[in-house]
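To keep things simple, chains are lettered A, B, C and D as they appear, and every chain counts its residues starting from 1.
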Amino acid sequence: MAAQALLAVAVLPLLTMLAMAAHRHKLAPALVHGGCLLVSLLLGFIGIASVLKGGADLAALPIGLPWLKAHFRIDAFSGLFLVIVNLGALAASLFGVSYVKHLNHAPRVAAAYPMFLAGMNLALMADDAFSFLVSWEFMSVSSWLLVLIDHEEEENRKAAFTYLMMALFGTFCLLGAFGVLAQAGGGYGFDAMRTAKLDGLQSSLVVLLALLGAGSKAGLVPLHAWLPLAHPAAPSHVSALMSGVMTKVALYILCRFLFDFGPTPAWWWGAIIMVAGGVTAVAGILYALIQTDLKRLLAYSTVENVGIALIGLGIALAFKGEGMLPFAALALAASLYHMLNHSVMKGLLFLGAGAVLSATNERNIERLGGLIHRMPVTAACFLAGAAAISALPPLNGFVSEWLILQTLFLGPKIPNWAMKFGSPVVAAMVALSAAMAAAAFVRAFGLVFLGRARSQAALLATEAPIPMRISLIGLAALCALLGILPVSATTILSQIAQSLMGIELQGTIIEGWPWLAPISVTRGSYSGTVLVASVLFLILVTAVIIKGFGTRQVRRGPAWDCGHKEASPAFQYTASSFAQPLRRVFGASMFQAREDVDMPSPSEIRPARLDVHMRDPIWQGLYQPLIDGVTHLAARLNRLQTMTVRRHLLMMFLTLMLMLIVAALRRVFS
Amino acid sequence: MDRALQYDTAHLIGAMVLLFGFQLLYQRRIKAVLTTFAFQAGALSIAAAWQAYIQNSPHLYVTAGIALVFKAFFVPFALNWLVKRLGIHRSVETALGIGPTMIIGVALVALSIVLVLPVTQGASALTRENLAMAMSVVLLGLLMMITRHNAVTQVVGFMALENGLILAAVGVKGMPLVVEMSVAFSVLVAMILFGIFFFRIRERFDSLDLHYLETVRGDRL
Amino acid sequence: MNVHLFVLGIPLFTSALLAVVSSLRVSIWVNVVASLASFLTSIALLFHRPDATLWLFIDDFNVSLVVLTTFVGFTTSVFSAGYIARERKEGHLNRRNLRFYHAMYQAFLFTMLLALMANNLGLMWVSVEGATLTTVLMVSLYRTREAIEAAWKYFILCSVGIALALFGTILVYLAAQPVMGPGEEAMAWTYVIKASARFEPALLSLAFVFLLIGYGTKVGLAPLHAWLPDAHAEGPTPISAVLSGLLLNVALYALLRFKMILSANGAALAPGPLMVAMGISSLSLAAFMLYKRDDIKRLFAFSSIEHMGIITFAFGMGGALSNFAGLLHMTMHSLTKSAIFFAVGIISQISGTKNIVNIKGLAASHPVLGWSFLIAVLAIAGLPPMGVFMSEFLVVSSTFARQPLLALPIMAGLLIAFGALIWKTQGMVFSKPSIDPAQGYAAWALAPLFAHLALVILAGIWLPGPLVEWFQAVARMLG
Amino acid sequence: MILTSVLWQVLQTLIAVLAAPLVTGFVRLIKARLNGRIGPSPLQPYRDLARLLRKELVLAGNASWLFRIAPYFIFSFTWMAASLVPSFTTNLVLIPTADMITLVALLGAARFMIALAGLDIGTSFGGLGASREMLIASLAEPAMLMTVFTLALLAGTTAPARIIDYVLAGGVGLQVSMGLSLVALLLVAIAENGRIPIDNPATHLELTMVHEAMVLEYTGRHLALIEAASMVRLQLYISLIICIFLPWGISQSGKGLEGIVLGLFAYGGKLALLAAGLAVFETVIAKMRVFRYADFLGGALLLSLLATLVLYVSEAV
């Protein structure tokens, strides 16, 4: 299986070469995306097959570190992520086939896109640290190029730069984690790392470095800074992958570190990850609430969802540390389910944003509106995605958040105070972020698709072409399917989680079809299938009653609006005004939001103005000082280069003296 | 001749080289610096010849000859000519006063002794003491280079440093390639002299104070 | 048959020949052909190693470096052919300059090869000094005020450095002499290394301090590095390429030979901490310095300091992985950095400026050049699948495993340097083009660049078996 | 067994929707009386709904399909949630379908739709209402979930039927955290139903209105559905409080018909009592400023969190 997968991946570089060779040809980009579609279809099937088959399949290539070779391995766990990645890639490639026609730099996209897919797939298959990091960096660099597609814009170059820096930071952290593991396990192969025995300090170091490394890629606050910059800059189908899928690759390796490899971290690492996840979730969605750039909003929402997945991982780790393996498996399965769900819904939302972008050339939600009339299919699919990501039943986002909340309810079973107090607080954070996600997506959907068009572009938009619509519909259907029929998916996930925990055949998620219940049926249960059937039945009853009861007359008239006559669409509620109450309540302290109202007196004829000033606390508090520090130090140290020869000689003399004195002191004191 | 006398004589000549090294730091006029340097080179030449004699290695006479002809006569002469020809200030421009320089010099000699003496247990007494003095001369030369502005004094500092090296090399029994090294150094020095001349003639700088030459400051495009 | 004598003889003879040839065309051709000839003969060394003599020898360590040196010497001569022809056409250089340049180029290769092959430590020292002298002359080739000042700075600092290195060499002999008796054997590395376990350790330690400062100046370790950026920036670009790619390696090679002696002694002061300290200081300083650079050649000169810092750090850390990584990094850095300088040479010629701010959008105006340049910079920045990544992978991961606290400055330095390089390169390669696309360059001028990049990428993916064995053997000796 | 549970489920579903207007009418009546008015009959809401249903539907010019389907979803989601809260018996066939979290989320789904509907026409009032509604929800929903959390920790389950079993079995006793949860849930219930002091269900055209602002554009049968949904929701919350905190009298599974009858009566009595309490509360309290909501609901959130934490102090878990 692994060999076939490698062969499939090997097609991708060929596609890149095709794209470069035929960069003048108009059809080449679409063709390349078509090729990517087929490859991801194949890889997706390989993923499904290995999930169903279980066990591990190995392959080795005579490249990479000379004494190690490059090892690849597909087991059920990486198979699952292959499915996640290639599901996203499938939809994105299909979308891309027609989307690239609207892009200015389609050949550039076509050249880098297959490499990006190759990097992600290889990272999931790699079975030694070197191959993994090569693939990982490959993924980073190719996505960096994709962010740089419109490199004529200064802003995009900055975004790409920030992204690459964060990626490199992450790589170094992972490198360190691998290094410690390799030292303990005696080799860079993942096999050695699985059997590595680490002491407490080493375990902590590995977990910390893995968390920072994977976190910087996944968007852990405060390492998320690149996400909202890079995602808007990349073409939408690429941002769908970066957001929906690449972050999952990061979580994949984090899971490997936490649950598959040697470290045996104490429970409190779980607590730390859990709290980090909670903070990430809440901060991410708070940022999302105040964005006006649609893709940036979606990027921040990714931060939120990564936080929720991390909460699941954290509590799983805490359970594992305490030896409560069935609970740990449950938490892990819940988290994996959330990852799967998020990749589907975020892919859907970004592709929806891409459809909007290609129809209107506008990302600013203040300048959109009313698209539901001109793009009904896109609107419906986006609505499904928005509802799913807001954790509304019966869609998939709800199911996984429900499972995560259920595991949090189990948290206080860990016999110590931090978890007893921590789990409720984190549960509150999950609830808060879910509720605010609903607010953010009401705002996003409402401003983009509902109301009246706020710009000419929005007024003239047309529905997306068929391939784009197919991929949107497919993903939306998947959102519904994973929500309504979660049982088979969760069964597989809990098996994978259990095998990773080293326990077999435990009732992690009880699923007497169609019920879904964690650990035991008495702990609460849920059934999407029954729920949907019942709601549909109730809708039917309502409709029948209303049909029988009332009139069927419909009259169109102007909006009433309490008698106000609003001529211009500019009178509508704007994104900023929608966010204002939330901004006031949550933003006052966090963003130091300040509103300056300039209200002219009645005699003046100038317009009134409202200026909102906000400050990004994480950027201002963490990154800006770093940048300033480096700049300052660079300026200070630069003086060293403008000295006279004599002073350079003096430096040499002093260095010599220093070393000689050290040597002399050693003599004296030894 | 008994070994004690050989030793004492070598020691004495080495001490002379070191003494002239100190005197270099003390001089205030360029002409005096050059004269002192000529004496140091002469002392070195004697040291080399003495070593050639007691080690019975005739090639060291070549080193002695180079030291005598090139360093004790030619270089001071050439530098004197340069100073006159280029109209360089006749006084030594110091970056650090004479007094502090001397104090640091003494400290350097102490450091050399502390470092060298205990580590050369295996070597003969002759080599040990010689080495400590050679190292002092090297460090004093370096000190001179960094405490004097003028290009000529810097060249002298460099050559004093080199004298220390040759002193060390001739003092170690059977050191190969000593001649080649002294030739190589002579080439270096010659190039430095040529460089100064070249600079001056070509660019017509006002002073040979390297302070004014140093205008390449990082990036200037 | 003593192939290595041919490898040494060809450049020496050619140097003499070129000194008398006055036709530019002829001397360019002779230069290229002679470099190719020494490269080809050096390949024979891979298969057949001559016996070691007291003066010259070939072992696992220097064989790869000799081949690397002749290879980069050859590719640079090809690059130089195009570069020099254009400089001559634009009147930056006159005929006499060029005759001198070509003669010195071969002399420089000779001194470096001699330093690499020298068994006698004194001979090694003399050759390194010779390399300094030849490059000083080439750095001042343009005869501009800046060039002469750079050459002067280079000359003075390196002369002092080289003098200190000699003192260290004398001290090593002093340590060897009581054990091995006076004479040439006590200076021949192959003999010394066998006997060094009985040497006075403290004396060796003292010697190493002088050697580290001395050869370290030549390697460009901070704070002894001041000459390096100026010399790189003001000389002709082919010289920058060989300076960065080869000379720094040779100086480091000399230092490592002594480190081996210390390692074999065992009781001597571990050179590791000193080298680690110098490595970290070079890396950190260079990383910050990169930000303020406006001159494209200075930028990459500082990057060389940074990489020499990493390599020194790796050797300082010691251990099989780190030493292997250091050796690999030496090789990869010299291939990559010279490739970068090839690209930089072409870029500065077509744009007529060395100022980074004025170079924009190469990917749009000159796609092949721009992208190759970008790949080369990414390679030097340590991104896979290029060779530097492999060595950085090994260095950083093994450091994290052994000394996590030391890994932090390394990581920070690499990140900061990476940031500067990428930020500047992003501006040069991307954004709106500032260079007229009509400004052309000969297509073959990129051939050396491609050759280097191909090797670097290949090495990142797959390393030939014998090379790995050599490196591992040397890594063991380095302790 | 299954058959009876189906039967009781149908009954529960019908009660959830049929009794709701009566509860609303009853609250209005009590309020009127407290204000010194005679007030309309408690059956007036039925008449209002019937009238709305018969009325012609007037749609704004740019109303989209979303605007037209939203009322059905809002109503059905609310109705579904209401029929899942055990009122007179826990022996309901659909009760494993949803636990307390799902109930909260179902109401959230209804709110999501209504907020979108408010934005659809593109009037400023609609946006204003949606914006405020989402603010309230973003605090009320976590507060409610935390209440659920407390109960789940106490009873070891999130299923309402199990919680009732637990409470009835006397496992709780008098718990501080139950008290705190009750207060928090009451505050949430007030906010979520748009009652004073958060919103005034009786006003229009005030800048402080929330719920009514979103549904300004609805007419005819759509408005009927939305009005009905809010009535159902009011009853749902009262039922929820009853079933968790005052479950006595409810028929647990295994009890016979007389248990059901008793349960029905008990439920009716408790419903009336709480509705009256609500009316009294609304009469004596004044409406808040919009931006005080955050304090009000933030207080609820913290109370519920406190309730969870106090659990450990009393060492119930």
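To be clear about the criterion, contacts are C-beta pairs under 8 Å (C-beta built on N, C-alpha and C of every residue); 3 or more make two chains touch, one makes a residue touch a chain.
The structure presented is a predicted model; accordingly, all values stated were derived computationally and were not measured.
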item	value
Result of counting contacting C-beta pairs for B-C and A-D, higher pair	A-D
Most distant chain from chain C, judged by the mean position of its C-alpha atoms	D
Distance from chain D to chain A - Cα centre to Cα centre, in angstrom	35
Mean-CA-position distance for chain C and chain B (Å)	31
Whole-Å gap between the CA centroids of chain A and chain B	68
Centre distance in Å when chain B and chain D are each reduced to the mean of their C-alpha atoms	98
Interface hub residues of chain B, defined as touching at least two other chains	115, 118-119, 142, 145, 154, 213-214, 218
Residue numbers of chain C (touch at least two other chains)	152-153, 156, 160, 164, 202, 205-206, 229, 292
Where chain A touches two or more other chains at once, by residue number	638, 641, 643, 645, 649, 652, 656, 660, 663, 667
Pairs of chains found to touch, sorted by chain label	A-B, A-C, A-D, B-C
In the complex with chain D, residue positions of chain A that touch it	369-370, 372-373, 376, 379, 383, 387, 390-393, 398, 402, 405-406, 408-409, 412, 417, 420-421, 424-425, 427-428, 431-432, 434-436, 438-439, 441-443, 445-447, 450-452, 515, 517, 521-527, 530-531, 534-535, 538-539, 542-543, 546, 549-551, 553-562, 564, 566, 569, 571-574, 577-582, 584-585
Residue ranges of chain C in contact with chain B within the complex	120, 122-123, 125-126, 129-130, 133, 136, 143, 145-146, 148-153, 155-156, 159-160, 163-164, 166-167, 170-171, 173-175, 177-179, 181-184, 186-187, 200, 202-203, 205-206, 229-230, 234, 292-295, 298, 353-355
Touching residues on chain B, where the partner in the complex is chain C	115-116, 118-123, 127, 131, 134-135, 138, 142, 145, 154, 158, 161-162, 164-165, 168-169, 172-177, 180-181, 184-185, 187-188, 191-192, 195, 198-199, 202-203, 213-216, 218-221
In the complex with chain B, residue positions of chain A that touch it	638, 641-647, 649-650, 652-653, 656-657, 660-661, 663-664, 667-668
Touch list for chain B against partner chain A, complex	95, 111, 114-115, 118-119, 142-143, 145-146, 149, 154, 210-211, 213-214, 217-218
